[in-house]
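Listed after this line are the structures, all set down as structure tokens.
Across the two complexes that follow, chain A remains constant while its partner is chain B and subsequently chain C.
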Partner chain A sequence: MNGLFTELPVLLIVIPLAGVPVLYFTARRGLGTALPALAVILFVVILLSSGARDAMHTPVVTAAGGWQPDLGIGLQFDLLAVAAMLVTSLIVAQAILSHDETSGAQHFRTLLMLLYAGSNGLMLTQDLFNAYVFIEITSIASYALVAGKQDRGGFESAFKYVVMGSFAGLLVLWGIAGLYLTTGTLDIQSLASRFEAAPGAVASLSAAAVIAGLLIKLGQVPFHAWKADSLSGASYTVSALLSGVTTTAFFVLLLRVLSALPSLTVSLAPILTTIAGLSIITGHLMALRQPRYSRLLAYSSVAHVGYGLLAVSSGAVTAIAAGLFHILVHAIMKSGLFFLGRSFLHTGNRSDRLEAIVFPEQHRTLHVTLYVLLAMSMIGIPPVLGFTSKWYAVLETARAGYDTGAALIALGGAVALVYYLRVGLQLVHRGLPELSSPGPASKRLPVPIAGTALILLLAAFSDRLLGFCVLAVVQLMETV
Partner chain B sequence: MIVLTIGITCIALTGIGIYGLLRRTHMIRMVLCFNILEAAALLGLVLIAYSPDARSPILRAATDAHVLPLPHALALTAIVIGASLTALMLTLIVRVHRSHGTVLVDKLKDWRG
Partner chain C sequence: MSGITAALAQTVNTPYTEPGAVFVSQAILLFGLLALAFVALHTKRSTLWWVGAVVHVGAGALLPYTANMAGFFVIWELVTVGAAIVLVCEPDADGLLRRYLPWQLLAAALLLSGFALQFAESGSIALPAAGVTAGRVLIGIAVAIKAALMPLHLWMVETYVRVRPGTAVILSAVATKIGVFGVYRLLPGSITLEILGGIIATVAVLYALRQNRLRPFLAFHIISQVGYMIAGVGSAAAVAQIAGLYHLGNPIAYKGLLFMVVALMVPMTGTSNIYSTRGMGRRSFVLTVAAIAGALSISGVPPFNGYISKSLLQSSLVSPVAVHLLTIAGIGTALSFTKFLWHGFLRPGPLPQAHDVQEGLIVKTGTRTITAVLSLLCLLMGLYPRSFFAELPVSTGITGQSFLSGLTWPIAGAALFFILYGPILRVLLVTLPGSNTVVSLLRSAGTRGLQLMQRQHSGDIRRYLGWAVGGTLLLWTWVVLAP
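On to the complex of A and B.
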């Protein structure tokens, strides 16, 4: 392995981070930011693809600055990171393309690059305190992006989000301090061996605090309300990022923490299963009664993350892999639905209330087709990728002995059918409203087309994709 | 004794911070409660490093007993993050006040969803 690949995990964080000031100054000078931002993502994806072959055999572990863990910070580039970062890179690229070259869009891309750097760091780091720093980088970029809508709802939503997010961040910090006190290490790999020997209650409570902080960040019950409030106040593009990129990054970090603490995971399994089950029920039932498109999708996300958590809490390798697979697929399809929501704005209507949303006359059939395919994927209807990911989640959760959980996942699809059908019928039957100043025709339709095409095409390779996730989880278990 | 005092202070600050976050409706006070909670976490980090007979972690001789330097470095980083978050929260409060004319969360129309 040559020098470049040894430093690969560092580059995957540093390159987007270096892109932040570059994009900021490009935006200030009034130059386009789309191409530089896309170039950064392309470079990251090339690095990811070229390093994936090496990661297949053994993870690339880098000690940042030459300082070995425990003193230094370890970054691990493994199959888990490859899978998750490919998905998040795709969503970030879609978000960049979904905006026109306005000054707002240029500042948006600068913050987006910060979010991208932070989420990459979250998925690569092996150091708990470093993870806390990346949690805050990702979160601060998210708060600013939510506020970026520059209206009443945006500021209010951003404040709610920042209060809840900061509380979760502090909980993680408390947990990390407690884990360091009892185990003397911040390195996730060393934690795996030292946690067992650590004095009982403090170590367990600290680890539980870290896990609780991450569950709040993932919007799980009982801390789920902020998710709908934040996503409904943000623009559709930012909502796509929050439900795709940040959710995936926090889920990957949760997987790393849980895999390092197997004994605690077993003890916490009943609690995690209960939280996941309640999130599935609450998410779907709340989605049923939402009057707004973005809030409906947000509550649906609460339920889908619950699917992933339920599969992970079962502890079986194949179930964890199925949970991871579903979270990655969910990121693509949910962000696709949010990107598609941008088309509602092209009718000149700013409201996302269900009785008001309508696709523009131009390419209306194509819009409806995209919605139907994405909704089918969310519900779990063949032949799209959402069906296979959900099928594996049900199957593997049941195999792990969680029959009730598997039934909940399957029933969740039936409830989802009702609310997605309600929106679909609205979009198909409702005529174009009489508006005084209709907006410009959508020039960004290829963005949701790309996501939809992907969930159709990748459905043919579901077995291989699940196999890749199984390999990633096995590698994760072996390295701790 | 000093460990006990700091420990009790730490727990008391956490209680005050959580109580304030749950009970207060004034946005500025909510930010202050967040800062109190953060101070409790920082105090906890310093407490982890504390050792009664140790000096500050600047080695004068190899045999010097010194406190753990790592939690102090962590506390410094957490202070920077906390300051950034506070600045962002205050900025948002200014914008909310401009758009809604209030900083009381119970007066905000959409606060409860």
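On to the complex of A and C.
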């Protein structure tokens, strides 16, 4: 292993972080920020893929600054991080490409880089306190992004997001402090052995607080209520980022925490599965009657993260892998649906109320096709990737002994069918009154096309992708 | 993907040829073809309609041969696709598809999910799967939708009364029958299914008694007959299953026959109101014979085929509750069809104005020939049941004694019509909620629940924070109390 790759995990965070001031001070607007931002992502992806081969054999663990874990900061570059970061990089790149060249573009891309750095950190970190720092970096970037729309709705959404996010941060910080107090370590790997060696009420309560904080971030019932409000006030691009990038990053962190606390995970399994089940039910049922496109998608996210959580809390390796796989696929398809939502704006319509949204006349067939494929994937209709990931989730959850949960996942698709059909029928509706000032034709079509093409193409390799996720989970379990 | 291809290939190479399955397939094919011939002679239909109808009937006949889950699911959906194509060709395609497709898609999703669960448990896609309970529940709901079991029957009633008469003939031959076959093939026998079948048979007859229009009347009788079939094929007793399968074949014959009679009656009398149809007996001999044959068969009067399967069912079911329920359903059926025959064919009185001349439909002798053939089939299936389905017990058949005892309940039903029909109808109208009412009650309860849920998500950040605090406390409590 050569020198570059031992420092690789640090670079994955430092490069986007360095991009933040560079982007802010050097470029003013337009492609001036888009190209450097894309270059950063490209560089990260190249690093990821070149390091992936090493990670395949043994995870690259970096002690940043030479300080050994326990005292110093550990970063873990393993298959889990590779898989998740490839997906989030893809979504961030899509977000950059799809953003309009308006006056806010410079701020947007700067914040986006901050979010990217923070989420990469979340997925790599092996140190609990650093995890907290990255949670805050990611959150602050997200708050600002949500408020970026600069209207009443945007500010309200951002405010709610800040309140709930701060509460989550507080819980996580409190939990980390408690864990440090009782086990004397912040390193996730050494936490595993010390937590088992010194079980106690304080340690367990602290760990539960960390998990509760992460559940808030993931938007699981009863911590879910902020999600729709926050996503509906943000622009579609930001919503795509929040439901794609941050959700994936927090899910990966949750996986790392849970895998480090096997005994607690077992004792929490009943309540975690209940939370997941409630999230699936609430998410789908609430989505049924939402008046707005973005709120509908937000509630559907609650349900889909519930699938992942359910599979993970069942405890079996293959089930956890299936859950992870579904979360990654969900990130791609959900962000695709949000990106597709941008095309409504080009009809000159500022509202996303379901009775008002409609695809623009230009490239109408293409838009409809994209929507149909993405919706099929969300519902779980073959032959798209969403079907296979959901199929594995149902299969592995049932094999792990959670029949009811598996049935819930399966039934969720039937409910989802109803609301995606409803939206689809609205989108192709032609009877809406002519808008006074239709916007310019959509120039951003390639963005949802890319995501859709992926869910189609990758479906053929579902077995291998799941195999990769299984490897990642096995590696995660072994390291701990 | 290759797994699915292999599974389909297995279905083609080694079909499932258990005698019961073969009988169901042949019954669907035979009556499907007769129904197609009837429509061909009856009215002109577009090419697309024919494609749909052939796919519908063909897939229905193929389904019993499927050896595994993949094959079953694909062909089951082909039946739906065929029906959907047929519906697209109907005048009110939009409304029909809106009523038909959501239920069928739901059934498809449930069936696939149920199969997935069973596959996860057993690791095999062979049928019938020894599966998990959750999987069985999902499959159960799916086949209940397909078989139009109450209260999941609305798609059928609403579809069948809106299509053109010939289309109803085709659909009635296949759609619900494969749902029943699904119960036979996918679910294990149990007393619960017997009683469920009995309840459905009885309740549907009560609803049929309330109807004053021809096609809803027939549609509810289909549901009632499906109840008989479920009681039979859902039973754990082998003889009851065979009786159920034979009963699956019988109604295709006599329901198809009755739908054809109605299809010919409506243009002739110019009305679809049972009480206004009159004088058919004096206008078409063949049709009258066909109607009487159909009515006697469905009422279980010997020597027609309905008697064979119904009497065998009554004697072989495990649960006495189911047996009593089926007896009540039998009396109700006889009462109901006496009403149909009396008003349409036998009642004296002035003839209504003739409509057949303008329609120009029933003058063709071909359609009448088909009704005559089907009537004869109903009789032959009653007289020589074992020539049609060799698995029936050797003792099956009609003897002098069984002939007389078989007449008891149908005659009681017929007598009830003349003596007590008015009071019965009044009681039913007052006590029985409209089948739409039941569904709309369920629907409004669902809507209220969703509204309540939505009101809770009011956007008030204090409440959201409260939930999060509560959730955290719950987690903590669990951690402290859990072992």
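What we mean here is this: the second predicted complex is superposed on the first by the 470 of 480 C-alpha atoms of A that agree within 3 Å, B and C clash if a C-alpha of one lies under 4 Å from a C-alpha of the other, contacts with A are read in each partner's own complex, and residues count from 1 in each chain.
Criterion: a residue touches a chain if its C-beta (ideal position, glycine included) is under 8 Å from a C-beta of that chain, and two chains touch if they have at least 3 such contacts.
What you are looking at is a predicted structure, and each value in this text was computed from that prediction instead of being measured.
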First, second, both or neither for A:Val252, with chain B first and chain C second: neither
Contact breadth on chain A, by residue count: chain C or chain B: C
First, second, both or neither for A:Gly153, with chain B first and chain C second: first
Partner chain(s) touched by A:Leu264 [first = chain B, second = chain C, both, neither]: second
Partner chain(s) touched by A:Leu170 [first = chain B, second = chain C, both, neither]: first
Touching partner for A:Glu136 - first (chain B), second (chain C), both, neither: first
Partner chain in contact with A:Leu427 - chain B first, chain C second, else both or neither: neither
Touched partner set for A:Leu181, first chain B, second chain C, both or neither: first
Touched partner set for A:Leu417, first chain B, second chain C, both or neither: second
Partner chain in contact with A:Val358 - chain B first, chain C second, else both or neither: neither
Overlapping contact positions on chain A, where the chain C interface meets the chain B interface: 159-160, 163, 167, 225, 228-229
Residue ranges of chain A in contact with chain C within the complex: 159-160, 163-164, 167-168, 171, 201, 204-205, 207-209, 211-212, 215-216, 221-223, 225-226, 228-229, 264, 267-268, 270-271, 275, 282, 285-286, 288-289, 383, 391, 394-399, 403-404, 406-407, 410-411, 413-414, 417-418, 421, 460
Contact footprint of chain A on chain C as seen in their complex: 1, 102, 105-106, 109-110, 112-114, 116-117, 119-121, 132-135, 137-138, 450-451, 453-454, 457, 459, 461, 463-465, 467-472, 474-476, 478-480, 482-483
Parts of chain A lying in touch with chain B, wherever the complex brings them together: 71, 129, 132-133, 136, 140, 143-144, 147, 151-153, 155-160, 162-163, 166-167, 169-170, 173-174, 176-177, 180-181, 186, 225, 228-229, 233, 295
Residues of chain B that touch chain A when the two form their complex: 21, 27, 30, 34, 37-38, 41, 44-45, 48, 70-71, 74, 77-78, 81, 84-85, 88-89, 92-93, 95-96, 99-100, 108, 110-111, 113
